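Presented below are the structures under discussion, each in the form of structure tokens.
Each of the two complexes below includes subunit A, the first together with subunit B, the second together with subunit C.
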Partner chain A sequence: MKVQVLFFGATAEATGKREIEVNMENGAKTGDVFQRVIANFPQLQKHTLLFALNQEYSKGNETIKNGDELAIFTAVSGG
Partner chain B sequence: MAVTIVIPTPLRQFADGKSEIEVEAATAGEALKVLTTQFADLRKHLYNDQDALRNFVNVYVGDEDIRHLDGENTLIKDGETLMIVPSIAGGNVAVEAKSESELPSLSNEEYARYSRHLILPEVGLEGQRKLKAAKVLMIGTGGLGSPLGLYLAAAGVGRIGIVDFDIVDESNLQRQIIHGTKDIGRPKIASAKDRLEDINPNTKIDAYEIHLTSENALELFREYDVVVDGTDNFPTRYLVNDACILTGKPNVYGSIFRFEGQASVFWAERGACYRCLYPEPPPPGLVPSCAEGGVLGVLPGIVGTIQANEVIKVILGAEGILLNRLLLFDAWTMKFRELKLRKDPNCPICGTNQTIKELIDYEEFCGLRQSIAQENDAPILEEITATELKNRLDAGEDIQLIDVREPHEHEIASIREAKLIPLGQITARVAEIDESRTTVVHCKGGVRSAKAIADLIEKGFAGKLINLKGGIAAWSDEVDSTMPKY
Partner chain C sequence: MSEKKIENRKSKIEDRRDFFEITTDALDAGAIARRVVPKTCGAIVTLDGFVRQFTKKRETLYLEYEAYEPMALKEMEKLIAQAYEQFEIANVGVVHRLGKMEIGETSVVISVAAPHRRSAFEACEWLIKELKRTVPIWKKEVYRDGETWIEGESQFAVN
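Moving on, here comes the complex of A and B:
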């Protein structure tokens, strides 16, 4: 099944991407997707990352389904 | 099913001083019924006259608010914990709770000035008088604070406190529209005060030319009804959040990065706080500031205006404020997204078991002191001034110059001899740097080049590496005044 992953803020900067599609096995949890993404973009490791599943703050233990949208973002401080 | 109910501190007095009570129940509702039968005094704190849970009482099973599960019908497993998280007060700002007779009246000039508000039923005369009674504290008069202050003064907020210690610089004017060209070199608060008083002489401006610190924040915040976070650094953001919680004030938050903005209303009495969203700060130095990373000038205009909008709604007691919602805005794709937030029952400052009870050292919390200490331990970075570099090049010394800025920066200004290898590519392109020659690395101001040298050393680069102190900006100041500064 396919999951849309969106990058915001410094994560978009670090990966050079705003959006990617990830293929996951049935029954995968949000945490599995995050690990897949971090494996593909190891430069994300040093960031303090936050995740949202379908526009809701995620703790990483939700079961995902085809077409879900996952956002990865960080705190930003500019003012 | 044995369930442990965690009783928050303010309610323990109604439960024989107990912090945990074990009951037998199958659902959240049943557990609460058993609890309130046992402790009748708790009942009126948790339920209203219609026997419904009061809306400021949050009940969590595990980490989940039962509102997001099956409400009072949420099933509980054996041994699970049920947590009661009450709001401490009703969650009104002082001005919102004021009765009509306590609100200031309007002059004829004010009736005319605010006429478009007065004919809006959502604001009306009462709302306008609330705005006049309101006291708002703005932290920062930069990109976010500029539009924020302008709209709050225009809207007729009675008193606005402004906190800033910075001086107006030419490079601020691309986005900080409260300041003008004539203000360059003036303290930002002086320039902002003039502009705000010009927009609305009815608004009283309190100008504080200070650094907000753990020593002065609480006393300052107590004077105001709403605090607006328009700062540009993480330590101050955590300080503003914590001081707001300790003084019971709503924190209207906004933040920007290049093309992206975030906004929310953090209000511990009614929902999530900044720490519920960001429990730990990012590692220091990882997220570039506006000065290093750039920012689209109109972006803080949009985000700061959203903050002004929310401040006004908080004062008016409007529904639909950005509570428990994080707004993410991308100016480049022109997309608004929203994330639902939840109060974290384990939050160290607004959760059930509060461990932060006073303001702390926020520089240390954000790892800044530690990184200064680490820098001191690190091998000393060899530096060269722009003047010295010029002299040595003129004397015919063999020096290779590496520019680690981005190509678009190289286009604005560059030193002729320098080879461009952006910081992000430096380790991958190490073979292009000749180890046998002396190498001077430069960027715009000297920060990225120091990072590049550290990366190269870590990669095992054996040649001599020297950092150009002050970067190409220093070159422009000391060597070539025709070179544009940016």
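Moving on, here comes the complex of A and C:
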């Protein structure tokens, strides 16, 4: 099962990527995806990270589906 | 919340009187504020947020904003709905600009119309505070001696 993970601002700069595709097992939770991405990009660990699933804030416990859009970004700073 | 209030809120959004937008164009706060002037209102409070040159003693040359646009628009829409639950207001407009902005250029405009000014002031303050906490937009400060993505504070942080 494949999901897309998007990066913005500081996380895009830290990873050098705007988006990646991640292969996950059936039944995986959003938190499993985020942990795997952070393991692949340990430079993300120095940031306070927020997560989203399909454009809503994620608590990390949602079961993912093929084609889901996930995002990893730092605490927001608009205004 | 009463059913009547829910109906009122819904009809406002269907009428497209409220607006929430993201743009790379320059913002004109006065024009945005006057896009909606409800007949039942006596006041519009408008926040014109612009690029500050000095933060403490450090000089900013310019800012760059980026957003997770579809999620940012959803979060803006939620904030407007929440504002109607808390304040006696009649219209809300929120517009955020993205891209590079020079000192003094407007990055965000929040405009709230209300029958009486107090609710408009309170709702406008609440909206900008929540926008800075929940709407996925980020600013990069470019200084004379470096640059940094600003990381805010958020209750959504999970690590």
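The rule is short, and it goes like this: the second predicted complex is superposed on the first by the 75 of 79 C-alpha atoms of A that agree within 3 Å, B and C clash if a C-alpha of one lies under 4 Å from a C-alpha of the other, contacts with A are read in each partner's own complex, and residues count from 1 in each chain.
Criterion: a residue touches a chain if its C-beta (ideal position, glycine included) is under 8 Å from a C-beta of that chain, and two chains touch if they have at least 3 such contacts.
From a predicted model like this one, the values you see are computed outputs, not experimental measurements.
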| message | Between subunit B and subunit C, whom does A:75 touch in the aligned arrangement: first, second, both, or neither? | response | both
| task | Would you sort A:52 into first (subunit B), second (subunit C), both or neither based on which partner it touches? | result | both
| query | What is the contact status of A:41 with respect to subunit B (first) and subunit C (second): first, second, both, or neither? | reply | neither
| task | Report for A:60: first if it touches subunit B alone, second if subunit C alone, otherwise both or neither. | result | second
| Regarding the shared-chain residue A:10, is it in contact with subunit B (first), subunit C (second), both, or neither? | both
| query | subunit A residues touched by both subunit B and subunit C? | reply | 8-10, 13, 47-48, 50, 52, 55-57, 59, 71, 73-79
| request: Please name which positions on subunit A make contact with subunit B in the complex. | output: 8-10, 12-13, 18, 46-48, 50, 52, 55-57, 59, 71, 73-79
| message | Taking the touch rule as given, give the residues of subunit B at its contact with subunit A in the complex, in rising order. | response | 63, 140, 142-145, 229-234, 237, 254-258, 260, 262, 277-278, 280-283, 286-290, 293, 295, 300, 326, 328, 330, 333, 337-342
| note | In the complex, the residues of subunit A that touch subunit C are 6, 8-10, 13, 47-52, 55-57, 59-60, 71, 73-79
| Contact set on subunit C toward subunit A in their complex | 49, 65-68, 70-72, 74, 96, 107-108, 128, 131-140, 149-154, 156-159
